[in-house]
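Below are structures written as structure tokens.
In what comes next, chain A is part of two complexes: it sits with chain B in the first one and with chain C in the second one.
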Partner chain A sequence: MADKSRRGFLRTIFGTWFGIAWTALTASAAGMTLGTIRFLYPNALSEPPSKFKVGFPSDFETGQVDNRFKDQNAWIVRIRDPQLGDIIYALSTTCTHLGCTPNWLEGEQKFKCPCHGSGFKITGVNFEGPAPRPLERWAIRIAEDGQLEVDKSKKFQKELGQWDDPESYVKV
Partner chain B sequence: MHTATQLAHSVQIGLGVFYLFVALMNVGFALYQCYAANNRRQGIVWSLVAGVFLVHSLAYFAGANWIISAGFRDFTTQVMGYYGGQLGPILYTTVSIILFVLFLRYRKFFTEPVVAWSILNLGLLAAGWSLTDDNFRKIITKEDNVPIVMLIFSVGFFTWLPFRRAVLNDERMANGEPPMEKEEEEKVLVWPDLVYTEMIAMIVCTFVLVIWSVLLKAPLEQPATTAKAPNPSKAPWYFLGLQEMLVYYDPWMAGVVLPTMIIIGLIAIPYIDFNQKGNGYYTFVERKFAITTFLFGFIVLWCTLIVLGTFLRGPNWNFFGPFEYWDPHKVLPLNNVNLSDYFWLPLGVTFPEGQGIGGILVREAPGIILVLLYFAALPPLLAKTIMRPFFIKMGFVRFFLLINLFQFMAALPIKMVLRWAFNLKYIIYIPEYFFNI
Partner chain C sequence: MSVGDFIRNSQVWKSIFRHPAPRDRRNRVVVMLTNVFLHLHPVSVRKSGIALSYTWCMGGLTFFLFLVETVTGVLLMFYYRPTLEHAYNDILALRDVATLGVLRELHRWGAHAMVITIWLHMYRVFLTGSYKPPREFNWGVGVILLVLTLLLSFTGYLLPWDQLAIWAITVGSNMARATPLLGYEGPGAKLLKIGDVELIHSGSDARFLLLGARFVGGETLLRFYVLHCVAIPLAVAMLIAVHFWRVRKDGGISGAL
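Coming up: the complex of A and B.
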């Protein structure tokens, strides 16, 4: 009984309740699938520049952790290192355990992670809790205008012996 | 610290309602004992208990200021803080394991309805008194945490119920009678019996959810930013066991390997379990090993860790006693040391950073040997000695599968104990290749 003409086909998919129901279902399923795929392409890509200036070396006090650039994923720290002397470095704010953002506790002189309690010394070295490695350091240098510039496209890991790299700190 | 000495009016009303509810529960139990169980003496006892709770209720309604003793609160907080702040978690875990063992051992006593009811009453009384403490109340009544309070009671009840039936059945079977379930083999119909039951359950659920959503606010927080993590940052309640595991293990261990092992283990149970008994009726005696193992995993390693994570883990993921103020600046010195340091430092050997694979292997040799011994040498040893009957019954493959799964389960409490007792961080520590155990 199947009508094999072109009009017959149209009648089959639009002419009966059964046909309409199936067509509607197929169409909405297809729409949903396309809509889902659309989500893979976000409307706005906010990719902040990997390099940013943080100020002049003299803006930072020895023994202080600077929290101002935390939302750019960096702490600027100036300390007196026993070997290197007075240095400034940029620590990544990502916990090396599972990626939460620790807090700097001034009174206790440590970074403490709220997720599983890892603790890091002011140098970034892990000393308590489950974090397996020290915090990472970003590349830092003195730009042409004399300001410090952090470059997050390069990172330095202590366990690989990379903190000796002169790019990972700035001597004051 | 931070605890008021005068109860707020709303708290007094709340406690009044709480005790009124408990009193009514006991009136119900007394009536049940009197008329259904025909036990006059019990009826009188529980009426008296109801009276005691009623007095509490009326007193709070009338504005009484009965508060848990400050000395007791400070004492618990102090005790939990001993041993570098580690006594809290140690006590918590030891006591829950001991209670678990006692319950299994003396199940006949604990499942007696009167005993179970007494325990429930004592628990509620302790809860009522603790609720007069500001810190305790703040955490117990937090919107997020209310379901965990319910979880404590429901897990308790649904452990009690099957054990009660199991104890009765075991007694019957010891006397040569069939289990109860074999005698009530009368069949019921899907329609209307089951469908009606389901419908009533659905209506009750909807009702409870509506009331809940009206009474308790949704626990919403400020918009998320990467720069600001809430302190403490807690996983959803059903993942708090995993989060606790992450305190002791590297992410890939606690986040990937162990959870996978849990799932594989659960899937493997029917293939490993060679015991054919206990189908269609409750029993403990006939399935001792299976029930004990499963409940250890579920109650001790899952539920108690959820309770720990919810009520006792505060800012910076530190452990806080039940009456302790959640101070984000609490200082706990937790210097953790790797096994390799424990082994090599006294020998005066140090290893430079950034070395090759050979040096790393030497450095971590003690840990690697230990782990190999644990997984490779322990199972055959068990098969030869105390678990020999199991080995003979189960055969090579099933036995080793069972023991290995068991070892993965035991790995969690072992590491916890090592951390608390020796501040041990990692047994094998190779951060160069993201391999830490």
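Coming up: the complex of A and C.
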């Protein structure tokens, strides 16, 4: 390109049939590349929703761990807290050691991980095995229809002081 | 030093292109011979070989459509699951949910067009007498490519898993029942037996092998999917390489020798 002015550049890419052909080819190739990348981003997912309702607060008994939503990565627990009274919270079922799923052992009143033996109390606090920190809580609230709604897009970690956040539990 | 010179003098560039730019006759030859893709093509062609009025470029168009089918097909595989539960809904989702799901229409129309361009390509080869010795072997390779293309269309036809697909493949595969010796309703099938035990029955004949079952079902869908996406395209790609190579070795594209 001898003519380095703006007009010269425009004349080069639009001024001849050769230039128009290359410009059209470049533009359509770029368009197809962008379109292909866009195609690979799905518009609909078959994942379970991150927000789901688990029932009314009165459905849960104090001192009980509800296993029904384990497939959705949550235990619903109702306990009597010394300061707050009766509270309900949703614990993540992911072990804080290496990500296995512990089991709730009713007789021993603990969450026990089958992989490396980490143990957690009903509160989710670790007390044995290699797990370095307590289980995480999901956000929980009382929805407009009075049911409890778990929101897995937000998590609360005890060691960061986030369990004091009122979004991390529901007072009954 | 300009940016172009800087790039052409870099080690990366020189490691890819081990020769000067193709500005003289010798380097044009070297470019063709040192590139794995270009070396399938003759170094030089006659003027008539690139005359559109002579070749119609139908072979080239067929190859282009094969590339289109390959690229769109790979993209469609990201959204399509070949199971009874998902297949039909995934096709609907490509139409209704996915952005640019029109790729599926591109794939389908490209397949139709490919059959047409192959037919025109063979017609042209026939009219110009390009099937004659020493090119008779390449005509044979081309006929196999035609059959494989038809099989790609046939196997791809089942994948949408709608009523049209299921019954088309049911009817189509019923022909395999009448295969001589190997189809259980075919001539001579009853001859293949040991004592009173018939070797060819509805659970052991050619149709059963094709469908993976006695009727078109989930097994057939998976089988056709693998044939359509992996087995036949691999065979076609290899034969295309042979086809192009032989065009060069048999004396260049078309025309009298």
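In this text, the second predicted complex is superposed on the first by the 126 of 172 C-alpha atoms of A that agree within 3 Å, B and C clash if a C-alpha of one lies under 4 Å from a C-alpha of the other, contacts with A are read in each partner's own complex, and residues count from 1 in each chain.
Assume contacts are C-beta pairs under 8 Å (C-beta built on N, C-alpha and C of every residue); 3 or more make two chains touch, one makes a residue touch a chain.
Predicted model, so just to flag it, every value in this text is computed and none were measured.
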- Query: For A:G35, is the partner it touches chain B (first), chain C (second), both, or none of the two (neither)?
  - Reply: second
Practice task
Considering only the touch criterion stated at the top, classify A:N43 as touching first (chain B), second (chain C), both, or neither.
Solution key: second
Chain A contact check, chain B vs chain C, more residues touched by chain B
Message: A:C115 in the overlay: touching chain B, chain C, both, or neither? Say first, second, both or neither.
response: first
Contacts of A:N103 with chain B and chain C, given as first, second, both or neither:
first
So the chain A residues that chain B and chain C both touch are none
Listed in rising order, chain B residues that touch chain A in their complex are 225-233, 243, 246-251, 255, 315-318, 329, 331, 333-336, 352-354, 425-426, 429, 431-432, 434, 436
In the complex, chain A touches chain C at residues 35-36, 38-44
The residues of chain C that touch chain A in their complex are 75, 78-79, 93, 97-101, 103
Per the touch rule above, chain A residues touching chain B in the complex are 70-71, 73, 93, 97-98, 100-103, 105, 107-108, 112-117, 119, 127-130, 132-133, 158-162
